[in-house]
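See the structures that follow.
Each of the two complexes below includes subunit A, the first together with subunit B, the second together with subunit C.
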Partner chain A sequence: MTAGFSRPAAGHVPVLRLGDVLLVTLQGDLYDSMAEQLLQDLGEAIAGNRATGVVINVSGVEIVDSFLGRILAEIAAKARLLAAETVMAGMRPAVAITMVELGLTLPGLRTALTTEDALRLLGETDPVLRPGGTRPGSP
Partner chain B sequence: MPEQEAVGQQGSPAREVGDFLHRRREQIAQRWADETLFRAVFTVSRDEAVEAGRAVVDALAQVAVSGRAADPEAGGFLVVREQLARMGAARTRTGLTPSQVSNDVDALRPPVLDLLLADLPDAPADLLRESSNLLTVLMGTLRVLVLETALDEGQALIDRQRLQLLEVATPVIKLWDGIVAVPLIGMLDSARSQVVMETLLEAVVEQQARYAILDITGVPTVDSLVAQHLMKTVAAARLMGAECVVSGIRPAIAQTIVHLGLDLGTVVTRATLADALAHALRKLGSDIVTPSAGGMGER
Partner chain C sequence: MDTAAGVQACLPIRSDMDLVWVRQHVRQAAGRLGFGLVDQTKLVTAASELARNTLVHGGGGQMEAAHVVSGRVHGLRLTFRDEGPGIADLERALSDGYTSGDGLGMGLGGTRRLVHEFAIDSAPGVGTTVIVTSWASRPPHPREVN
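Coming up: the complex of A and B.
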C-alpha cells in the first residue's frame, strides 16, 4: 500500500449503532483492505458498545469472491467470541449462487431476507430486545 | 483447362444431362407435380407444385453442367435449398420417418430417367450409360439434401420443445404470505436444476418469502448429481435468509439417497407438501387450528 494512494476516509465502512445492535451496510465493490479494516473496526465496536447483535446488509453487493466470503465468516466467529450474534441480510440471488458454487455456505452465519427481518431475528433470540413481547406461536 | 473442356464438350454426359434437363424442364416439372412429395406439400394449387418443380429442375441442370453432381453444397442447390427445406420439413411434420421421406424423393427419379432414355435413342451405349448414371447421382444428392433438411427440422423441433419445457416446468407458486413452493416434475438435469435454483431465488426476493418448499413428488429418480443440486439450492436460499423445506421424498428415493450415502442432514424434510406448508406456517407464527379441536367453531 503506497501512501499516495491510500485515502483514510474512504477506507472505512461505516458501522451504525442501533441500541444493542450494530448495523453495517456493504455497498458496491468492497476492496480487500476495506474488508479487513471492517473486521477490525467491528471487533472494537462490539467490545466498546457492548453490542449483542451485528447485522450485515449485503443487498448492495453484486460481486462476492472467496476472500469476502471468508471475511464474513470471520466476522461471525469474532462476534460470537465477543458474545454478539451476527445476521447477514439481503443477499442477492446471483451472489448466493456464486457463494454456493464457491463452496462458501457460511454455516455459522444466520441470514435474513431484509434488515428488518434481521433485527426481528435478533430480537427473538434476545428476550430483552423482543418488540411488544409477542412471540410467534404463543397463545 | 482440361476440366472446362470435359464438362463443356459436346457429347459429354454432363453436357448431355444438362441439355436434357433444360429441354424437358416443363415435362419433368409436370410429372413431378403428380408425385407424392410435391402433391403432399403443395396442397393448395398444382401450379405452385409445377413452379417448384421447375426451380428444382433448373438447379439440377446447373449442378449437372458444373460437374459437381455428388456435392450437396454445389452452387446450384443453394437456390432451391429453402424450397427443399420446406418440403422436407413439411413431410417430417406429418410424422413420416426419414426413410419414408427418402422414398418419396426417390420416387422422383424414375420419371426423369424414363424421359432421358426416350430422349436419346440414337446415342452411343457408353454415353447413355454414363448419362443415366450421372442423373442417378444427381437425384441421390437431391435426396441427401431433402433428408438433411428434414433432420434439421426434427432437431429444431427438439430444441424448441426443450426450451419450452425449461420455461413451463418450473413454476414458482406462492402458497401463503412469505411461503413459496416449486413442484418439481420429471427428470432433473443440471440445466433444469440451474433454472429451478434461479427462479426460486428470484421468487424469494420478489415475494419476500421466508420459506421455500421444494416438492419432489414428481421426480422419478434422484442420483447424486440431483441431490447435490438440491443441496446447493437449499444452501443458496439459506444464504439469502430463506429456509428451504424439501418435501415429497418417496420411499424408493429415500432408500436411494441412503444407499448413495448422501448426507441431507442440514436439509429440513417433510413427507408431503401439506406437511411442509404446515411446518412453514407454524414457524411463521400462524397455527393451523381445526374448528372442533381449537374451539373456534362457534360463530
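Coming up: the complex of A and C.
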C-alpha cells in the first residue's frame, strides 16, 4: 500500500550558517516531532552563532496546516527575543491560498518570494532601526 | 477505468508518523481523481487538520478514503473516526475562532472552509466522526500505463 509514496524526510532539519544569517530549507512532509525539534535547534543556533537573521525556505513544502503555522510563528517569536529577524521565503501560491482560507495568515512573519530576496531584506535591516529600537539622530 | 485503486483506503491514526501517511495518501488520491493543485492542497490541509484532531483530541482513530461519483464529477470522501471523549458543544466547536488552545485557533471552522461538504457527528463518551467531501472540477487522469 505504501509503494510509490515518497518517504518523509528522516532525522532533523539542517540549519546552515551564511555569515550572520541562518538558513533553513523545509522539504517535503515533516513529522510533527521534526518541526518541534527544529524550533529548539534554531533557538540554540541563533544564540550560539550570534545570528541576526533567519531565512526559512518553504518552497518545498506542499501544505502548511495550523500545527506547522504555529511552529513557524513560534520560530519568528523566539528569534525576535534572541535579537534575530525571521523571513519566510518561497511559499507556493496554492499553499498561500489555502492558508488564507484556513484563517492562518501569520501576521508576525516577514516574507519574501525567494531566498535571495529574503537575504537582501535582512541585509537592509539595520538592527538599530528595528521596531522597539531607537533611531540615532532622531528626536 | 479503475480509479478506485489507490483511492480507497483505511489508514490508522496513532502517531505523528501516521499523519504523514494520511497526507500522502490524500494527495495521491486527489491527484488521481483529477483535482487541481489548489483543491488538492486544500483537501490535504483539511485532512491534516482533521487527522491531528483525531490523534490529539480523540486519542487516535482512523481515516477512510472513498471515491465518490456524482453524475460525471468525481470526488474524494474522507471519514475520520475516533472513540475519544467526543465534543459536548458542537456549535461552539464549529464557530470560527474557537480553539481548544493548542493550535492557532483555526479549529474546525477553518477546516470546514477548505472542503466542499462537511459533516460532523459527536457525542460525549462515544467519540467523533467527521466526514468531508471535495469534488474535482476536472475528470480523472486516464490510468497510468508504465
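In this section, the second predicted complex is superposed on the first by the 117 of 139 C-alpha atoms of A that agree within 3 Å, B and C clash if a C-alpha of one lies under 4 Å from a C-alpha of the other, contacts with A are read in each partner's own complex, and residues count from 1 in each chain.
The rule we apply is simple: contacts are C-beta pairs under 8 Å (C-beta built on N, C-alpha and C of every residue); 3 or more make two chains touch, one makes a residue touch a chain.
Since the model is a prediction, treat every value here as computed from it, not as a measurement.
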item: First, second, both or neither for A:I97, with subunit B first and subunit C second; value: both
item: Dominant contact partner of subunit A by residue count, subunit C or subunit B; value: C
item: Partner chain(s) touched by A:T111 [first = subunit B, second = subunit C, both, neither]; value: first
item: Contacts of A:A73 with subunit B and subunit C, given as first, second, both or neither; value: second
item: Which superposed partner A:D65 touches (first subunit B, second subunit C, both, neither); value: second
item: Touching partner for A:N49 - first (subunit B), second (subunit C), both, neither; value: neither
item: First, second, both or neither for A:Y31, with subunit B first and subunit C second; value: second
item: Doubly contacted residues of subunit A, that is, touched by subunit B and again by subunit C; value: 92, 95, 97, 99, 101
item: Subunit A residues within the subunit C interface of the complex; value: 1-2, 4-6, 8, 29-33, 62-67, 69-70, 73, 92, 94-95, 97-99, 101-104
item: Sites on subunit A touched by subunit B in the complex; value: 88-93, 95-97, 99-101, 105-107, 111-114, 117-118, 136-137
item: Subunit A partner contacts - residues on subunit B that touch it in the complex; value: 197-198, 201-202, 204-205, 208-210, 232, 235-242, 266, 282-285, 287
item: Contact footprint of subunit A on subunit C as seen in their complex; value: 9, 16-17, 19-21, 23-25, 27-28, 37-38, 40-42, 44-45, 48-49, 52, 96-97, 103-106, 109-111, 113-114
